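The following block contains the structure, expressed as structure tokens.
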Amino acid sequence: MRNTFGNFITLTLAGESHGGALVAVIDGLPAGLAVDTGYIAKKLALRRPSGQISTSRRETDDFRIVSGLYEGRTCGTPLTFVIPNSDTRSSDYAALAGIPRPSHADYTAHVKYGGFEDPRGGGHFSGRVTAGIVAAGAVAEYALAEKGVKIATHILSAGGVSDRSFGEFPSAGDMDRVAGLSFPVADPDAGEKMKEAIAAAKESGDSVGGILETAVTGLPAGLGEPWFDSCESMIAHAVFSVPAVKGIEFGAGFSAASMKGSEANDPFRYENGRVVTTSNRSGGIAGGITNGMPLIFRCAVKPTPSIALPQQSVDLMRGENTGITVGGRHDPCIVHRAAHAVTASCALALLDLYAGFCATKPAER
Amino acid sequence: MRNTFGNFITLTLAGESHGGALVAVIDGLPAGLAVDTGYIAKKLALRRPSGQISTSRRETDDFRIVSGLYEGRTCGTPLTFVIPNSDTRSSDYAALAGIPRPSHADYTAHVKYGGFEDPRGGGHFSGRVTAGIVAAGAVAEYALAEKGVKIATHILSAGGVSDRSFGEFPSAGDMDRVAGLSFPVADPDAGEKMKEAIAAAKESGDSVGGILETAVTGLPAGLGEPWFDSCESMIAHAVFSVPAVKGIEFGAGFSAASMKGSEANDPFRYENGRVVTTSNRSGGIAGGITNGMPLIFRCAVKPTPSIALPQQSVDLMRGENTGITVGGRHDPCIVHRAAHAVTASCALALLDLYAGFCATKPAER
Amino acid sequence: MRNTFGNFITLTLAGESHGGALVAVIDGLPAGLAVDTGYIAKKLALRRPSGQISTSRRETDDFRIVSGLYEGRTCGTPLTFVIPNSDTRSSDYAALAGIPRPSHADYTAHVKYGGFEDPRGGGHFSGRVTAGIVAAGAVAEYALAEKGVKIATHILSAGGVSDRSFGEFPSAGDMDRVAGLSFPVADPDAGEKMKEAIAAAKESGDSVGGILETAVTGLPAGLGEPWFDSCESMIAHAVFSVPAVKGIEFGAGFSAASMKGSEANDPFRYENGRVVTTSNRSGGIAGGITNGMPLIFRCAVKPTPSIALPQQSVDLMRGENTGITVGGRHDPCIVHRAAHAVTASCALALLDLYAGFCATKPAER
Amino acid sequence: MRNTFGNFITLTLAGESHGGALVAVIDGLPAGLAVDTGYIAKKLALRRPSGQISTSRRETDDFRIVSGLYEGRTCGTPLTFVIPNSDTRSSDYAALAGIPRPSHADYTAHVKYGGFEDPRGGGHFSGRVTAGIVAAGAVAEYALAEKGVKIATHILSAGGVSDRSFGEFPSAGDMDRVAGLSFPVADPDAGEKMKEAIAAAKESGDSVGGILETAVTGLPAGLGEPWFDSCESMIAHAVFSVPAVKGIEFGAGFSAASMKGSEANDPFRYENGRVVTTSNRSGGIAGGITNGMPLIFRCAVKPTPSIALPQQSVDLMRGENTGITVGGRHDPCIVHRAAHAVTASCALALLDLYAGFCATKPAER
């Protein structure tokens, strides 16, 4: 429902880029869950901009948990993060007033909110708001990790350079390697080339996009609901909330469209007394429900729309065509930063599905 | 929430393939909306199997609207469809008991429901259940049509054969053409070749998948919520509920990942006093909100998992590996039938977003 | 949400008094739950009108469960009841067209639905629709009974005659006695006098109201959420959906308002190693959460508004004042029939709270 | 859903009595709505304790709105209040550890949250949390006032002393008078006597309860949904969230139970071209939907459970019976403070119903 996601464990997200604070309220967490603020701080640090390939806006993300926490554990009531905005420079946006940046939310927000939208820094549409998702997602990841579930996202491609894929059965080594990286790639050389491509785009006043690949291991079979809260539906719902995501595919995804059934089907086998599949085209989901194999998805991140090159726009006040050159502090690529928001979104969707799974166990035989 | 979709106008879906009836309850429709049962019947007919490329199961879909309708119009209360199942042959499934079909929901349903699932004809996971979505979607499509919104889905590719794309600015001609077709293609020749490929797959005991492309025109700017109910989130949520869909992309989608910002951005211009974009890489959505341009998405449909070729599976009762050969009546391709469920799902998501749009108009200035 | 109630286990209710059928969809039930159709039929029979003190409309309530049931048990998917309407005599209502019955929903429905409402037999506002609640409630009661939870409602007063109260600690004998009665009273003599008062009211073209008292035993401590889904909130939400209910109070209720804290507080004691309270002014709920003691509430049922005596009304078509004399088949008292809908509503609310309780167990120590 | 209330305009409430801050997030407000922080501050001041009849804990309620507000108006995104807790003295509660106060939430919270609850100052169950409701309610009241809707609550009785009732048709004078009072009574003399009774109870280490009466004028006919979101259901749901409320009745309420239909029905008449009723036993609601007449309800507030007199309790750590004497700073009566939370809760429920009313206008004829 609008700014709330989830059925059993919900996240409500509030805040604008240059407002007082971002707020994230997680409701439905069981009491007694350990909340590791160091882990959350680390996750927020991974998302933060750094170096030449990022915006020069620097937020310290000094979050406070103002409710729901008692002696280091959840106390059963809503857990609330307040993350103040500090390094705001709203003057950058004054010049844009009434001239929407192409393919940004400026125009659609203006229409939707009748001109009452907060235009400063992209307002509620800013990537800045994903700090709240990453903070809440860190709580979810930590809770899932206690159940043996591990999530990792890497940049499969960016600026025309590709990392090696996780494949159908991702290795624990690759997953662990990328999970700790701010610019998550399995192959460091690919990472360097990506950064060069990003720097080159920035140099020319342009930006690049990319593809993220996420893997989840350790999930039990049985998570997800057939209509309408399948694993794919819930994860896609959460992930499409991350700005700039324009596509998602699970398992073989779009390439399954050109396979035969005999190629796309995953044969079952027993392995150490446990049912497994010998291939994983399904990406760990059949009939919308996890099958216990690694859950794999990829999502497409479009290039940052805020670019320095001159573009065509309109002046909404004067009702006429005009040019626009976007100043301010922007990222020439947000793929690596989006990676952390995608991991967090996935964690929130899965924790919610897990809670639904626990809520409706079948009767004992 | 589970078997209910939507925030303002909701669809609750119930029923199993070989159960008494499918039931679809639409709640939140305004009173006084015309309900055209002929239009609904036509839409159900388009979804029904026919000819050599479909299952031989024949359902007449003699739906009844048992509530919410008075003198041809909605009366403000829930509108309920009851669609009986008649041509059921559950004996086909007896042999499969305990031996899950690869990449079907048999195994995951078994785990999720602890063996209490209805196994007949795929139970709640059957494509049969999409008849309820198509019926409800027809009501939504009709209501949207009254607002000038038009939706069309065609088979962009199937069995390795491609139809011509709608492109960034779909023509009314192409959209109207495919909207009336059971096997929806813009290019009849492409359609014939697809059918040949499907027939060939069937002949060899196999199946094929494909890609669907959907276009929506006539939407106002302003539909969708930034977090978490963006247009992409809501449509993806609905569309991933259609069995066999494994991927979705909006506008340029995955191809945007390899573009520069200067290529991916859609410049604004005034055209007859109205703000338009001169390209449509965004697929009509920016910041999760419609921008008034055609909404475009594509989704990947995997090949039908029920194939006649021998496959590897497990016997869950005996706890051992075994082979499986799936008999019964199955579709060698469900791409064309899924097209109608995708259109319906999209209509339901958009009607819900439209209601949210009307519910929260900004204040007058 | 509108015609859906509950967070974890939901009931969606559809249907009009003279429409094709009533429909009740229960979603979220665990798979493998026994569904006893005989028990449901018995509960529907208790609600049905009978004898001189009821309407002469006779419905057989030949319900069908068309989904969610396989071999006598829930299969994990929505359980749907379809209850056809058969004994409809819509002509009774033709004369009323445009002249709303005082204190009935005719006028408010007319305004709300802009004249598109179904006027036949009170449409969606008819007590007839409670058959769907009673059917669904019977499933909930049965599921709760398996957990040792027992619910009973009796007529505390009607037509000025009082039954003996359950008191703060209801006896199993009184609860069992009334649970099987169509006209539920603990004291048969009081019941006879109530029926006489009802018959007298009918004779004079009038109707009577009453107070229902409900007791629930066997609940564990811990059900309910502080804000906003307390036990009181959820039960009141459900019970106020039963037509004619105008008040509800828990435990000492309104009489607590004139007590001192020292009188209203329930002292704690250990009894056989279990924490109990030695009085039960709280009605089994403290801080919105069950405390393990009997849950007690009472609700006020206003007299049936459809009476034969001449009344003042308006002619909405002509825009002028007019008199009205209500014909048709009506109950001179619905208190006893409402009792079964209140029990059912309470069971649905409690089953939902129970599911929430199971969904979020605190962490192990 | 748990700590969120509402379907269209939702309030999510977080925070504990002695935690970092209370947080209230309102989602779904239209953009451009004026937010008057002075009005909110005034409402919070009315709720605050003062004088001899209240706790000596003094909170300044220096709220901040950290999101959703831009240049004095809502910007279409969630509006978030952060209200810090400052005057906390948690040491008062140390002595109570493991010994639950009778009829307080200590025991039920302990069971529900498995001992992980925040025990300081009643944690999430504290009346302190109603500051968030009052702040959010002030926004709702202000929005409703712009539509001509006025809400007022007074103390109908407390400590055995009665104020004069609003009656079936409350006067604007009485409503305006009480709306501005911290201790809201229509008759100042009655107010003085109530305060004396409260002071006497405090003197004897005891506490008193009371009854609140709320009136709402200016509502259009048509608000509310028949099943399950009737006006009564929604208001009761919200009001039972206010701690200590144990009963609610609408219009004639429990006294309707002993009326005849001919006494309880409200005759219709035209008055200046508008349909009115000449009595208002229904309290402005028929069939769960507003009829345009004043909406009237009363709720029972039990005496504060925290009293100084010695009581019987249990020691949960030692598993044995024990006595308890509650120290700390407590209110000998919370009826007058609850009045402001009840008004706020009612405003939130009505604003939500109003939004639903606007979302689903019937079709034009």
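For clarity, chains are labelled A, B, C and D in written order, and residue numbers in each chain start from 1.
Going forward, a residue touches a chain if its C-beta (ideal position, glycine included) is under 8 Å from a C-beta of that chain, and two chains touch if they have at least 3 such contacts.
Since the model is a prediction, treat every value here as computed from it, not as a measurement.
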item	value
For chain C, the least number of touch steps when starting out from chain A	1
Identity of the chain that, by mean CA position, is farthest from chain A	C
Cα-superposition angle relating the copies chain D and chain A, to nearest 5°	180
Proportion of interface numbers common to chain C and chain D (over half same, under half different)	same
Chain A and chain D, separation of their C-alpha mean positions in angstrom	39
Centroid distance [mean C-alpha coordinates] between chain B and chain A, Å	26
Separation of chain B from chain D, taking each centre as the mean of its C-alpha atoms, in whole Å	45
Chain B: positions in contact with at least two other chains	1-4, 13, 28, 31-32, 73, 76-77, 109, 112-116, 124, 226, 356, 361-363, 365
Touching residues on chain B, where the partner in the complex is chain A	1-5, 7, 11, 13, 100, 102-105, 107-109, 111-116, 124-125, 129, 157-158, 160, 201, 206-211, 221-222, 224-230, 232-234, 236-238, 240-241, 243, 245-270, 273, 275, 277-278, 281-283, 286-292, 300-307, 309, 311-314, 316, 319-321, 356-357, 361-363, 365
Residue ranges of chain B touching chain C (in the complex, touch as defined)	1-4, 10, 12-16, 19-23, 25, 27-28, 31-32, 64-70, 73-80, 82, 109, 112-118, 120, 123-124
Contact set on chain C toward chain A in their complex	8, 28-33, 73, 76-77, 226, 355-356, 358-365
